[in-house]
Each structure stands twice: as structure tokens, then as C-alpha cells.
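Look at the two complexes coming up: chain A is in both, with chain B in one and chain C in the other.
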Partner chain A sequence: MNANAPAVSRQAKTPTWLANLVDKYTWLVVTLVALFVLTFAYGMITAPNFLTWFNFKTIIRDAALVGIMAIGLTFVTLSGNFFLLSMKETAALAIIAFATAMSAGYGFEISFLFTMGVAVIAGALQGVLIGLGGNPIVVTLGAAGLFFGVASWWSENLVISFRRPHGAEWLGSGSFLGLPNITVAFILIAIVAELVLRYTTFGRQVYLIGSNRAAGKATGHENFSMAIKTCIIASSCSAFVAIAFSAQVSSAHVNYFSSSFGSSGDMTILVIATVMVAGNSIMGGFGSTLRSSLGAVFISTVDNMMVLHGFNSGPRVLAVGLMIVFSIIVFALVRRGSRVQE
Partner chain B sequence: MSKSTDMGFVSKAKLWVTNNPDLAFAILLAVCVYGYFAFSNEFFATHRTTYAIMERFAVLGLVGLALTLCIIAGEIDLSIGSNAALAAVIVVRFTDSLGAINAALIAIAISTLVGLIQGYFIAYLRIRAIVLTVGTLMLLRGVSLFAAEEKTVMLTDFTIPDFISTKMFVYFSPASLLVIAVFIAVALFMQFTRYGREIYAVGGARKEALASGIDLKRPMMVVFSISGFCAGLGGCIIGLRSGTAQALGLQYLLLAGTVAAFIGGVSILGGRGGVIGAAIGTLTVNFLNTGLVFNVTPAFMVQLYLGVLLMVVIVFQTGSQMFDTYQRRQQVLGDVDLVRGELLNKKRGSPI
Partner chain C sequence: MSYFKKAVGVAAAACLTVGVMSSAALAQAKASIVSFNGPAGEAYIGRFIKGIKETAELKGFDIKVFENQFNQAEQDQQVQQVLAAGQLPDVFIWWPSDATAGLGSLRALHKTGVPVLKINQLPNEQDKQYIFGYAGPDDRLRARNAGYMMREAAAAKKAAGGTSFNVIALSYPHSYGGYGLSINAFKEAIAGSDLKIIGDVDEGFGQANGYKGAAKLIASVKDQGIDFVYGMDDAILTGGINALEEAGYKMGEDVIAVGTVCNGDKQLIEEGKQFGTTLQSPLHEGQLAIKLVEEYLETGKLANYINFTPNPAVTKDTIETTALRGYDGKLYGISELCSGAW
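Now for the complex of A and B:
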């Protein structure tokens, strides 16, 4: 019936939602996404103890650290400065700064401010170079080496620990309404970041410069100051994660965020992956921090599901990698020819 | 008589420096670094150290070469470390059952294929290479973890590591000779074939190149398969030489390779630089690495120096870009003033 249906009847009939989808995104994308959703749903139903409140809390808790960093990085990506390859090294520098200050006997507040100061300097350094026109990837690759070297040299490559009853315990192991405080911080930061991006002048400027740099320049919004601001936001988020992590384990070492962190290899790549899995345009101007937070929860869900199914770290990293490549390809196919792509 | 030929040589050298400022800078830097360590340490300028430097050159040179080609094409291959780790794991895992040569061929074929597929997708989807290669970085790590069964794989038979490090012609080993051959082949390819020139074209002026009928797929696939090949060969050499391989190792290659490429004179805007630059850049990094080891520097300090070096090079490059833009702007403003002055004079009726 469909094959010889005349054009008139097609016009008269309102297209179904499926036809609409296919029309908008092509068969290939719809099939790919449908396949993925089916696999995901199958895994979710068959995994033991997956659909419980406790497990849900675990997922959010696992997502929190990566999620906070991803929210910070999203600002950089949205403003059209690609991404920073120095996230984990900034965190390493911050964790050393925090633990050094804590073990020297300064209180939590002073240590916190000191660490944030270090992070702001680190962010501003990269921001200035990027703002002057340096390529973000290369600048932050160099900065990563620099920060990691400074952090190792500062700590003499040793573990710095501070004794248990300390002022940061509430952040590391305290909880609020049944949720760990780090999770609460993640949710709060996600909400604040989204509000800032949507309703403040600064947030709109981020989108403007990201989506059209020339227009931004013509209206007096240079990328120079924007790069500095967004880099500072990103490195402050890294520093916050470092502080939270250090408060949890009461110690610090430069390698805490390197390859042994979590199951999925190194933190920087995981953060960048989170930003991209969520579908933020790498060219800037399209996306939101809400997407990144959901991306972090999504990656953590998949990881959790595979743990419950009893997979080793190899297949888990493989699955996360596949998901990233998959989402990159799907988003690229969806946006083919549109400006957000390039 | 001799004076006049001397003059000729000097002026020739001057001309060459003005034509190749990046390469001249790279050579100057290499000589300075070598000179510094040669004077500060008596064991640095010896045959044995030179052999050690060439051994390092074998691996790092390949990575530097691969990244140089990628940056010439206007892209960066971030997955190079993971690709090399995958090759290392495969070659070490299968050497016992298949023999070293077969295992190496398989590993290199897989790495090259990975690069080829990356290149195809980058061109087909019209996305930036950094986007896709961050994804494949993680994916390949997963694959190599899977292939190594999350363990450090090891060789049982250590005759192959011995063979690879055999000294030949005082300074070389089979590995470094092979790498030098690869360098020469790639240099000839880039200089004299159409495919090589296409890579320069899509890097320096992508829109113009595409408009003049170059299919983006071909140069991208060529560049990324060479990059994959280099990563695979480098991984094989590392794996066979040390006899062990870790799935999560070799991530430091990216920073060192990028530094080498940038010292060698590539521009982040693409289209500039060359294979000779890559060789000199890698040698400079190797001088620095080896020299710092001689002066008993911990490994993380090497990373610090490399990071600082990369940032300094970037600052120089960005500065020269800004200076160029400024000069062009001044030129345009001057032209405008000139035309305006002429018009005003015409209006007054008093031509100069």
C-alpha cells in the first residue's frame, strides 16, 4: 500500500512520530540509537540489584567527581575553546596544595582558599595563552606537563597525609538527607552552573563567543577575557574535586588522578568523554552543563551496570570507549551540514 | 680566492636561514642543548651516549614524525599513545606463539588499520580529529586492556630484545636503522608525491584545497594511516626491546612527540614543517631527556621541562602570529590613509 500511495494521500495523512524522526535524522541514526537503547534496557533489566534506590545513590555518587569537573570543562567547550588536556594535572596540583596546607595545621577554610588561589593562577595562566590565540590543546598539553612536574616536585613524589579529626571531614564523608555531601555538592553545582549559563549576562556571553566569535568581537566581547574566565572556572572545579577527594581519603599524592583512578583509566580523558558523550558541540555555542551532568550520570550508569554483571576493567573501559565513539559518530551524523558541527 | 667562496657560503647560509627560519631555529636549539650538556657533563659527548640517544630516537622519532604529519594536515592524533600501547601488547602477547616477525606484522597492520579507519571517519563525518581521537584513545585502551587481560604481558624468550639492541656501525641498532629508513621514505613521500603535497594543501588552506577538487578523505586516510603505522612500529619496538607491555602505558609519548613536532617547526595552523624538522625536534628532546638523566633528574622533572618548553614554543608562535596580524592591519590602515589623502587632494584640486 505504501509503495504506490499517491502524493496526495501522503499529504493528507499526518506523519507518524517514527516517520517524523526518520525524516529528521535518517534511518541510520534512528536504527543505531534504537539498537543502543535496546541493549541498554536489556542490561538494566537483567543486572541484579540494578533498579534499587541504593544503587541509584551509588551511581550518582560515582558520577559526582567526574561530573563536577565536566561541568567546569563545559564552560570552556561552550565558549569555543575546545577542551583542556590539563584537568587531572590541575587536580593533582590542587590536591598537593590542599594536603600540604592541611598537614601544616592550617584550618579547612584557609587551606580551601589557598588551593582555590593556586587553581585560579593555574587557570589564568592557561587562559591568557589561549586567549592570545594559542591552540588550547597544545597549550594545555604543555601546561599539563608543567603542573604535574610542579606538583611532583612540591610533594617530592610522596604521599602527604593529615590526621583524621580534621576540618574537611564533613565534605569527604559527611552526608545530608541520606546523600553524601559530595553528591549534594555535585547537584548544587549542576543547578548553579545551569542557572548561570541561562540567566546571567556572563552565561549568554559564553554562548555568544562560542557560537560566533566574529560577532562576539564586533560587539565587544573578546575571547581573551572569556578564555581566562572559563579556564579559571574549569580549574576551580578541578580543584574542588581534588579537595573533596583529599578530604575523603585524608591524604594526597600526584598520581591519585592518573591512570589508576577509577576503572576507566585517566581522569582527563574521562572528563572530556563525559562532555562529548552528552552531545555538547566541540566547536562551541551549543550544549549546556545540564547535558554534561547527565552525561556523567550516564557513563556512571553504564559502568555500574557492567560491574553488576561482573565484568573486569578491560571490557568496562572498552564499553565506555565504544560509547564515546558511538555518541561522537551519532551526534556528527545528526548535525551534518549544520553550523554547530563546523 | 678562498675568501670569496667563504663569502659565497655565508651569503648562501643567510639565504637559507631567511627561507627556512623554523628549521634554522630548530637546529640552533638542538646545537645549544647538545652543547650545554656536552660541556656540563664529560660523559655526554661519547659514543656510548650517542648510541643511547639513537635508541631513544627510534621510538620517539616515530611518534614525533607521526604527530608532525598530523599537525601539517591541521589535525592532532591524540590516540597515538594508546595505539602504540595496543601494538606493544599484541606483539608481546603473540611473539611466543607466532614468532616475533609475524606478531610485529600483525600488530603494525592492526595499528595502521585503526589509523586508516580514524582518518576515514574524520573525513566522512567532517569532524575535528581531536574529537574522534579522544574517543578512540579510550576505546583503544579498552581494547589493549582486553588483549592483555588486565595484566602486564611479558616475553619468555629474550633473544629478540637482545637482537633489537645489537650495536651496529657504532651508533645504531636494527631498530634505529629501521626508523631512519622510515624517515627517509616518508620524507620522499611528502616531498615528491601528489598525496604528500595534498597533505600540505589541506593543512595550510583547507577550504581552498577542497574547492580546487581535493577529496578530503584521501589525505586524511593517508595521514592517519601513517600515524597509525608509526605508532604501531614504535609500540612494537618498545614492546620487543623491553620484553614487557602494559595496556595503560606509553601515554607520555603524546607530550614528548608534540614537543618534538613543535620544536621541528610545525605551525598549529597547519601546512608548515617537514620530516627533517621532526627529526631535529626529536633529537633535541632526546638530548634534553638523556642529559637530564645524566644530571640525575627525577622523571617528573623531565615532564616539567618538556611542558615548559612546549609552552615557550607556543608563546613564540602565538607572538609571531599576533605580530603578523598587527603588521597586516597597519598595512591596510596605511593604504586606507594613502587613498583617503589622494581623494582629499583631488577634491581640493591640488594634486601632488
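Now for the complex of A and C:
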């Protein structure tokens, strides 16, 4: 009786919800998350003008382009095909295709369809090679060079512009109920993607093949067609971002997504970081597009908060990088804990 | 078989003819030049390369261009390859990817005894002993002219009864060498006027980063009122103008925008959304480089060690009439001089 007394006393002091959390995730994870939440909350409260509707819209809008690309890439990752290292170059090819068609006077609709067609071909090409057994990293590295080369050659490395009004302004700079249309598109794509993953046969196949390729094969679901489908989705999302951005600035150049400096860094790396920061499993089978959407908003929020605190690009890159590493560690610990429990 | 022999004979003769012609052309070349610079895929550098190649051809020089992808290690390797090949040119043109990190390669080029002309990045205490001159833009003059333009716009606003003169700056990364030169020159130019800088953001280069940086800065300083925006270059400013418009500002009325470099969107100036820019022509930069090479080879020295390209102001009123005579003697209009969507 006496031997059990201290344990009873400790249990009595620890709230049930906390005990449950610790039981599920371990003290380390709970402490790390608590520290993070406190830091984040402090940053939010002390950042001037952070907690305003205008700034909230800014954060979501800022997250939209990377978020849409990350949603597309999530399908590839969940299906167990790692990443496409060609996201940025696919966008470069798409933006040149769109601006070329627009500047030739084909109008928004035809230019949009033409660009999406280019993206489908780009995605299918990579999907076929990956589906045939090619290493996704190697295949998409090669594809990145191919797409960028074609885009550079096609545009002769020049800026391609199309004069306003051009019929694409509604997508690039229009708004709906006070929200920029690109933000609306991001929200809609996030919802549709999540519904597709959760409630369609295709979505279940993505998880099945991602978590256990052998089981997928045994039940008649080959990675060949899955790789093609998911690569097409990812490429299409890249192309959509390219179209939206081109519509916004009424021009295109192969380097629009290749900024060497600044807090955005490399677009492909940022998109991959977004997928990772959200806790999606790099090996496939675990995660969701909703996580990736929230990951994009999270990165955007951290960066936004730093700007409002007056930090320049160096510390912001550092902070975003630290947050990504932190999230990956926490999610890894959580998943390890889950496996131990199993 | 006889057809095959004939074909082989014709091909051999053609090769021989081409070879002889090439040798003759090389023999006729006044001098040979090797240029180390960034990629033609970047719009500004693409035009610079066009400038050096066309002018070199015009002057009878043989020129080889080695492009790097904004990567000093790659550029260092190219230098080693050229030196190892043993066929040294008469002049090196040196546009370092990173002037500090590339100092070793510059020293290696200098050691060969071949004169080196530095491009685009002003000489510093460390590297000026290795070069015979500099050709490129004057970051300070460019920013100063932008400041004077903004003063002019502010004076007009004040005359019309305006009382608020808050300025936001959309800057290069603060770690980039051009930032300090630009912001200090701009501040000097607006000193003593009603203009007051209330915010400075350094998201990165290009339209996308300009948009992102501006969106966050707007959220931060919106309460104070934004009346003027200075873009450290027009590409960044183009993104910034998009963000301001999205935030509900009417460009040209609520906010007056001034940029530099003319690598943005001509239509923004035509529409009055951008008050003006200062010209910085990469084509001129390339032509000037070859002119200086010619001068050095003929006289053994340069009349001026530092040689800037011209940076005239361009506004809506002067956009169609602005023209500069190139160092090749031809007259160039604004569309040929600028490097963005012009």
C-alpha cells in the first residue's frame, strides 16, 4: 500500500488530459510541442498587426502558390514514389507555354487548356519512367533539366509578355468575397484533393500502394498506372500555379520560379519542405493533402510573423528552416511512438 | 557503294572547307576574348551576352562565353578548365558569381598575364589589383535617380494638397552587395524632402518575391498609411504593385511607385501605375565591355578605370522617346535596352 502511494499522488497531480497525451506521445514530444506552441503564441501576440483579418488573408494568399504545388506533390509522396524534383521546372515549362499562347492571342481558355495539356504530357512522361521502375529522384532530376531546357529554348530566354486586358486578370488579381481568387483556388483544391483521397477508390489505392506496394500488386493495383496518375496530378498543380502567376504579372520567364535569394529559396525545395513539415511519410502510405495545405500555411505564418517583427531575409530563412526540422523531428517521434505501441 | 563513296567524299570536302574557313576566320580575328558570366537563361545576363557577342563580332574579335548557373564553384571549375587547356585568350572578361568567393579564380586568371576586365560588380580593395578596369552599372546613380524621381512626384503631390509621404522599400536581400549602395543612395536623394521610409522588406529577387515581401510589409505598416513605394528593381516592384492593388490601393493615385533597372513591365508605366524607372541596359553593358577591351588592346590602358553604363530616368512622358546610342554606333530604343516585359 505504501509503495503505491507516491504513484497515486503523482497521478492525482497530473491532469487526465495531460496524462493521456503523455501516454500517447511521450513526455519528450509533449514538451517539445508545448515549447513550440508557447513560442509561437508569444510571436503572434507580440507581432504588430499579426492578429488582423487583413494579415490572415495575406498569410493564406502567401501560402497559396506553394500550397497548391504541395497538394499535387502529396499524391506522389503518399503513393510511395517519393518526390518530383521537377516541380519548379514543370512550372517553368508551363508558364512559357501559357504566356506564349496568350501573347499569340489565343485567349485564356485555349491557353489554359494548352498549358494543362503540356503539363499532362510532362507528368505522364515522368510517371511512365517511374512506373517502369526508374528511381523517382533520378528520373525527375533528368526531367527537370529536360523541361527547363525546352522552356529556355522555346522562349529564347526572353521575358514573354501579354498586354492587359487579356482575359486572365480574374485569376491573377481578381477576388471573390474579399479573398484573392488564387486563395479561393487554393482552398477549393485543398478540399477537393482531401475528399478525393478520403472518399474515392483512387484515393484508397494511393494509400494502399504507398503503404504496401506488394499488397497493392497482389490486389491488382500496379504502381505503373498509379505513378502516371499521381505525376500528372502533381504536374497539373504546378501548371496551375504557373498559369495563376503568369496571369498576375502578365508575363513569363523561365526563371520566375528560380529565385536564388530570399526567404522563398528554391521553389521545389520549398514545396518538398511543405510536404515534409506537415508530417507526411516520405515512404508513402501515411499523410494527407490537408496536412500539406496546413504545412504551407504554417511556413507562411512563421515567415509572416518574422517580417512583422522586422527581421530581414537571413533570420527568416533560418527560422523557417528550424521550424521544418523541428516538425520533422516531432512527427518522427510521434510515428515511432505509434509503432512501439503497435 | 559508289554513292556511299561519293557521299563520304562530299562530306570530307565540306568538312575541309569549313575547317579552312574557320581557320581563316580565326586568323583574321583581331584578338580572342574569354568571358566568364552567369547564365543566358537569366533575362539580364542573356542580353549582356547578346551585347558582347554581337559587338565582338562587329569589332572582329573571337569570343568564347562560359556560363555558370549563379554558382561560384562551377565558375571556378570553368576557369581551371580554360587554364588547363593552355590556349589563353588576349583578354578575360570576368563577371564573378560571387566576387569574394571568386577571388581565387580571379587571381589565377591574373597570374597568366592575360589582362582581366571586371563586369557588373564594382571592384573592391581585394580584387582591384587583378583587373585593368571595370564596366557595368552604377547602383548608386541608379538609386539616386529613382530618389530624385520620387522627390519630383512628392513635390507634385504636395502642390496638389497632399500631406502624407510615407515610403516603403522593396529591397534586394540585405546580404546582397547592391542593397547597401542602393538604399544609401536612395536615402541621400530623398533627404530633406517630405518623404519618409517607414518599411523595408527583402524577400528576394523577382516578381514572386516582390509580391510576397510587399504583401507582408503592407500588413505591417498599413495603419501608418502607404503613399510611395520604391522598388530596388522593377521586377521586384512589379510584384509589389500586384500586392498593393490586391490590398485595395489604386496605383498612381493612392500610391506612387518608382523603380529602377527597367526589368519589369512597360505597361505599368504606360498605364500610370508606375511613375517611372531608371534605365540600366544589359545590352549596353556588354557593348561597353567589348569597347573597353578594344581600347585596352590598342592603347595598353583605359582612359577611365571605372566605366559606368548610363542610367537615365524613364517616365510615362519619356518612355517612347528614350533612346541611347550603343557603343556599336547604333541607336537603340527602350524595348531593346530594357530586359523585362518591354
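As a working rule, the second predicted complex is superposed on the first by the 319 of 342 C-alpha atoms of A that agree within 3 Å, B and C clash if a C-alpha of one lies under 4 Å from a C-alpha of the other, contacts with A are read in each partner's own complex, and residues count from 1 in each chain.
Please note the rule applied: a residue touches a chain if its C-beta (ideal position, glycine included) is under 8 Å from a C-beta of that chain, and two chains touch if they have at least 3 such contacts.
Since this is a predicted model, take the numbers as computed values, not measurements.
Trainee: Taking chain A as the common reference, can chain B and chain C both be placed on it without clashing, or not? Answer clash or fit.
Mentor: When both complexes are placed onto chain A, chain B and chain C end up clashing with one another.
Trainee: In the overlaid three-chain picture, which partner chain does A:Asn255 touch, first (chain B) or second (chain C), both, or neither?
Mentor: Once the two structures are laid over each other on A, A:Asn255 reaches chain C alone.
Trainee: Going by the contact rule set out at the top, does A:Val139 touch chain B (first), chain C (second), both, or neither?
Mentor: In the superposition, A:Val139 contacts chain B only.
Trainee: Which partner chains sit in contact with A:Asn212 here, chain B, chain C, both or neither? Use first/second/both/neither.
Mentor: Neither: A:Asn212 stays clear of chain B and chain C.
Trainee: Please indicate which partner A:Val307 is in contact with in the superposed arrangement: first for chain B, second for chain C, both, or neither.
Mentor: A:Val307 contacts chain C only, not chain B.
Trainee: Thinking of the overlay built on chain A, is A:Thr26 touched by chain B (first), by chain C (second), by both, or by neither?
Mentor: In the superposed model, A:Thr26 contacts neither chain B nor chain C.
Trainee: Quick check for you: in the superposed arrangement, does A:Asn157 touch first (chain B), second (chain C), both or neither?
Mentor: After superposing on A, A:Asn157 lies in contact with both chain B and chain C.
Trainee: Once the structures are superposed on A, label A:Leu318 by its partner contacts, choosing first (chain B), second (chain C), both or neither.
Mentor: A:Leu318 contacts chain B only, not chain C.
Trainee: Applying the document's definition of touch, where does A:Asn49 land relative to chain B and chain C: first, second, both, or neither?
Mentor: second
Trainee: Thinking of the overlay built on chain A, is A:Asp62 touched by chain B (first), by chain C (second), by both, or by neither?
Mentor: second
Trainee: Shared contact residues on chain A for chain B and chain C?
Mentor: 148, 152, 157, 254, 259, 264, 312-314
Trainee: Considering only the defined contacts, which chain A positions touch chain B in the complex?
Mentor: Going through chain A, the ones touching chain B are 82-83, 129, 132-135, 137-139, 141-150, 152-153, 157, 254, 259, 264-266, 269-270, 272-273, 276, 282-283, 312-322, 324-325, 328-329, 332-333, 336, 341-342.
Trainee: Hey, which residues of chain C end up touching chain A in the complex?
Mentor: The touching residues are 40-43, 46, 70, 172-176, 201-209, 211-213, 215-220, 222-223, 238-239, 242, 245-247, 265-267, 271, 339-342.
Trainee: Give every residue of chain A touching chain C within the complex, in rising order.
Mentor: Those residues of chain A that touch chain C are 48-49, 52, 54-55, 58, 61-62, 65, 148, 152, 157-161, 163-164, 172-173, 175, 180, 245, 248-251, 253-257, 259-264, 303-304, 307-308, 312-314.
Trainee: Mind listing the chain B positions that touch chain A in their complex?
Mentor: Residues 76, 78, 121, 125-128, 130-132, 134-143, 145-146, 148-150, 247-248, 251, 254-255, 258-259, 262, 268, 298, 300-301, 303-311, 314-315, 317-318, 321-322.
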